[in-house]
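Both of the next two complexes hold chain A, though its partner changes from chain B to chain C.
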Partner chain A sequence: MRTAKQLLPLLIAMAALLLLFGLWVPNFLHHENMLDLVQQISVNAIMAFGMTLVILIGGIDLSVGALLALVGTTTVYVLTRGGADAQSLSWMVLAILAGLCVAGGFGTFNGLCAAKTKMPPFIITLAMMLVARGAALRYNQGRPMHIPDHQTVFLALGNGRLFGAVPVPVVVMLVIFFLAAILLHRTRFGQHLYAIGGNREAARFTGIPIVRNEILVYVICSTLAGIAGLVHTSQLYSAEPASGVMFELNAIAASVVGGTSFTGGRGTMYGTLIGAILIGILDKGLNQAGIHFSSQYIVKGLVILSAVYLDVRRR
Partner chain B sequence: MVQAAPDATQLLTLRDITKRFGGVTALDNVDFYLSRGEIHALLGENGAGKSTLIKVLGGIHRPESGTIRIEGGPAHIRSVADANRNGIRIIHQELSLAPNLSIAENIYLGREPRGLAGLHRRRMIADAEALVDDLGLKEIGSVQTLVSQLSVAHRQLVEIARALSCQAKILVLDEPTSALSEAETEALFVTLRHLRSQGVGIIYISHRVEEISRLADRVTVLRDGRAVGTQPTSQIDRRELVRLMVGRDIAEHFRRPVCRRGKVALQVDNLTSPNIHGVSFDLLYGEVLGLAGLVGSGRSELARALFGIDVIEKGTIQVDGRTVSLRCPQDALANGLVMIPEDRTREGLVMTQSVAFNLALPWLKQWNTMCFPDMRKRREIVDRAVRNFGIRVDDPERGVETLSGGNQQKTLVARWMEERPKVLILDEPTRGVDVGAREEMFDIIGSLVESGMAVLLISSDLAEVMQISHRVALYRDGRILRTAKASDITLQEVMEQLTGAEVDENR
Partner chain C sequence: MKTRWLSLAAAVAVVLAAGCKEKDEAGEAGAGGRLFGVTYQTMNNPFFVDLNAGMKQVVEAHGDRLITLDAQWNSLKQRNDISDLILQDASGVFINPVNWEGIKGSLLQAKRKQVPCIVVDAPVKDMNLVVCQVASDNVEAGRLAARALAKVCRPAKVVVLHRSVNKACIDRVAGFKEELAKYSDMEILDIQEGKGTTEGARPVMRDLLGRFPEINAVFPINDPSALGAISALESAGKLKDVTVVTVDGSAEGIAAIKAGKLLSTSAQFPKEIGRIAAEKMYDHLEGKPVEKDIKVPVKLITEENADQFLTER
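Coming up: the complex of A and B.
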């Protein structure tokens, strides 16, 4: 009930935006256009789910955008090696695992630094963003790496349609949303995160293992960035070492617009999903309305600012 | 008791100052006078209202009623800036210097001398040197030293220099010696006497009776928010001062729980950490052991070490006769120790969440297995706690921040009682709660003890500790001076030992 009440303004804003662009842009509300929209937001939404966990415990992860590129390049690199085996499904699984392991490694490092040292997460992840970006650019001299056409399964991850209707990225996004919502809203782990974000000292006095939980949060966030990286790479038909720039900020924006408090302790997965959709509608709507991209930035910035202002004032 | 005559030419006159916080009267028609060139001590127990009075004077609190006159004229002090304009400077216990700046920069912070090209550094340094010389503070050394390199004592002197560079007429020092060595204290006294000779009026807050009788010209004793007397220090001996401080009629409603002393629950031997120096004691089931000490004596540090928050260097801790290693709160909890920390909002409750969230948090394992939260079980745990401990809240899903201090404190205690711990460590359980809630808290402690729990009680209110505890451990500077049955020792004796009044009288 409480959650529903908090989400109401977001839902109203979403409806208002849909109405606005529906009137402004012909065929904006057509179901194919809508499906396209959901598909476009899925990468950002997947990253935002992880970001929400991090922000919830009072942290931040700036490395996810660069990590997305690194996971993509690593996976495609492995995918295109392996000689005769390269065509097999198991080789693809291996390639994906290699990518996700890199993501997990970065997450573990971020989490260890955040939990065990006094370095602020902003700086830790800023530094790791540079490291990840640099590592991504080392593949193929920084040029895009094409995914071989025979990798139909991998390409389907970003471009296929389940039952010929629902885009696979949307399915992936919904599955992750479902799991993330359970994790945050129904498990002990989720309760621990609210306690840590709300009052770290109090959580410590309650006997909550802060270090373990914090590391886990960063690992989840990085892994989700990795999955987003796989989807994104597949969507582009190639791994682009320079992709994912500013994606971390989009994920933060989705999370914060969705009501996650930057000081920690407040926020929901539902809110983040709606936040990601709101930003997606705005992007697509302004684009299709023919607004110059320079103005799009300005409008988006002001919308994010006012959304957060309203949220802060409501408290 | 003789009151000093209100004199129109007094430097500072406070009359009928009353200040309430919610239902608590912190200051009750307090009168206070300060003359030029006088060191006037403000003495009182923890919570007697010394700090509140100073905050009224400093413009941090606004009194409900009363008047402040400076040099005979009415003064309207509504902010710290007003206080400064009136020549009032307060040096708080937590010093307010910028450690990354030099002494000179700190003295002139916010009003740096300006030259043609911005900051006139040379003039600032020269001015600071002149000031430091003038005050006889040469010992702090070059004014270009960074404050971070100074000792606490020297930082205090810098604060004093800064205050006087602003033409302070009234200088207030809040417990200035709590972190100083004896030699440093002596040096501070020399400086203060020097300032007195220059006509500055000094209000000196302390609960160290011995210091006051050496330094101050007059002393005003506060007790329970009332000024119980002002006298020249030459006409009053230390024992009399202590008697004035504690001499209240201890309310009847503090009922000491029936003592059914059982086996030893907790035994501590030679516990040592940076702030604890070889503490040993035992705590029995069905007993309240009161840890009586003044603010800053390191009692909270002992509690934190026992709960696995602070690192223990040496010593053993036994629970039920078994040696345990307590390296984190999880260890302590697993061994049946629970601690209710001193600072409710900072260390105790998750203020952004509901009462129910806070009550159910320690028992997650009981109501949330894997991803199936059993909301009925959670509700039962919450309802039990609310009912058994009389937490006044209409809907437990309400935010815990909306509760009163007393109910927050009850929430904090109640949430650990779903499965009773063996040992309950209470750090200042009645701080900032009103009289009614205080009684309820003591009823709760009483019933827990009577059910066999072992309680270690830390409180600044010595009368309270004496009243509710079966045994009292006198704690000072990280050491237990003495442990005694509460019925064998008087509050007067406790206060004398803790303030050092007794020791010095025997010298």
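Coming up: the complex of A and C.
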């Protein structure tokens, strides 16, 4: 019930924006356009779910955008090796696992540094962002890496439609959303995260294993960035070492607009999903209304600012 | 609680206000006209700003509307932007791709919805999915540079400062070599990576001077790297013995020509590229056949026509 009350203003804002663009842009509310909207936000939303967990415990992860590129390039690198074996489905699974292992490795390192040292997460992940970006750019001299056409299953991850109707990225996003929502709102692990974010010292004294939880949170965040990277790579029919620049900021924006408090301890998965949708509606609506790109940045900036203002006023 | 609602209302009002103002401006240009969209890899480059101006002129002259979008080097944003344009029933989309392979999904979507696409400035890998490509005639730009050099500098010992990852630069060097092959007394001593930037070209030029003291001509593939080469030649006291020719036509390049440091630059015409792309789109929509690979002429700029070129532009 408490969550419903928290979400109400967000839902109203979403309805208001939909109404506004519905009246303004012809066919804006057409089901095809709406489905495209959900498809467009999927990569950002997947990253934002992980980011929400990190922000919730008072951290931040700036490395996810670069990691998205690194996971994509690593996966395609493995995918295009191995000669005749590379045609098989098991090889594709191997390639995906290789990519996600890299993500897990970065997550573990970020989490270990954040939990065990006094370095602020902002600086740790800023540095790891550079490391991941550099590693991604080492592939193919920084140029896009082609995914062979016979990799139909991998290409379907970003471009296919389930039952010929629902885009696969949307399915992936929804599955991750449900898992993340259960993890955060229905398990003891989730409760511990709120406790850590609310008051770290108090959480320590009540015997919550802070180090373990913190590492786990960063690993989840990195892995979700990796999954977003797989979807993104498939959508582009190629791995792009230079992609994902500023994606971390979009993920943070979705999370914060969705009501996650930047100081930790407050936020929901539902809110983040709506936050991502709100930003998606703004992007799509302003584009389709023919607003000049320069004004779009200003409007988006002001909307994010008002959302954070709300967050501060709530206290 | 009350303030929360107020702030939300304020946020929505801001969007509304910003939106309505823009709509009025756009509405004047082409109420009821067709919609076209263009997406650039970046708008942080005067070349694309000029290209867009040329395109917009033609579209608005037809009473239609052009939406200009900035991909900010982000392939995902470009993909979403194009999808927004297509679902808004755009009559045509112009694309300057961030990732020449990554754009495939968007091209397939456009094809499904029968929205014609024209590529400007940079190619895409799947050319069968687009109406045509409009870009500078970079091969000719290289030829013009070689011809200008041949007039004043023979016999010639030339070095090239390349940027070999870029298709446009590859074409420029190909044209340059092709023309040079016609003269038996002009030879290329070496081709090195100058990175296409002033700071990248400078040290490379200095090294080349050390290795080949007989150098008397340089072809850096664009104006910025020409400025780097000139700076290296100046500091070595060899600028008067070495002739520099290049491609671009930027204000800095023209200034170097007027100062007598650069012999020529083969100028590109971004506004013209935009204008031609828009015209080809209208031709295609009217069912006229359109050539697949359209090369926009370049023009040799030397001391003689530098001032004239500046005023024409």
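The definition used in the following text is that the second predicted complex is superposed on the first by the 315 of 315 C-alpha atoms of A that agree within 3 Å, B and C clash if a C-alpha of one lies under 4 Å from a C-alpha of the other, contacts with A are read in each partner's own complex, and residues count from 1 in each chain.
The rule is simple: contacts are C-beta pairs under 8 Å (C-beta built on N, C-alpha and C of every residue); 3 or more make two chains touch, one makes a residue touch a chain.
Nothing here was measured: the structure is a model prediction, and the numbers come from that model.
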>> Under the stated touch criterion, name the partner, chain B or chain C, that contacts more residues in chain A.
In response: C
>> Contacts for A:R186 in the overlay, against chain B (first) and chain C (second): which applies, first, second, both or neither?
In response: first
>> Contact-wise, after the overlay, does A:R266 reach chain B, chain C, both or neither (first, second, both, neither)?
In response: first
> A:A195 contacts which: chain B (first), chain C (second), both, neither?
Replying inline: first
> In the complex of these two chains, what residues of chain B are touching chain A?
Replying inline: 307, 309, 329-330, 332-333, 339, 341, 346-353, 357, 361-362, 364-365, 368, 370-373, 397
> What does chain A use to touch chain B in their complex?
Replying inline: 2, 182-183, 186-188, 191-192, 194-195, 197-199, 201-209, 261, 265-266
>> Quick check: in the complex, which residue numbers of chain C touch chain A?
In response: 3-5, 7-8, 10-12, 14-16, 18-19, 22-23, 26, 35, 43, 65, 67-70, 72-76, 79-81, 83-85, 87-89, 99-102, 104-105, 108, 165
> Which residues of chain A touch chain C in the complex?
Replying inline: 9, 12-13, 16-17, 20, 24-27, 30, 32-33, 36, 40, 43, 141, 143-144, 146, 158-159, 232, 235-238, 240, 242-243, 245-247, 282-284, 286-293, 295, 298-299, 302-303, 306-307, 309-310, 313-314
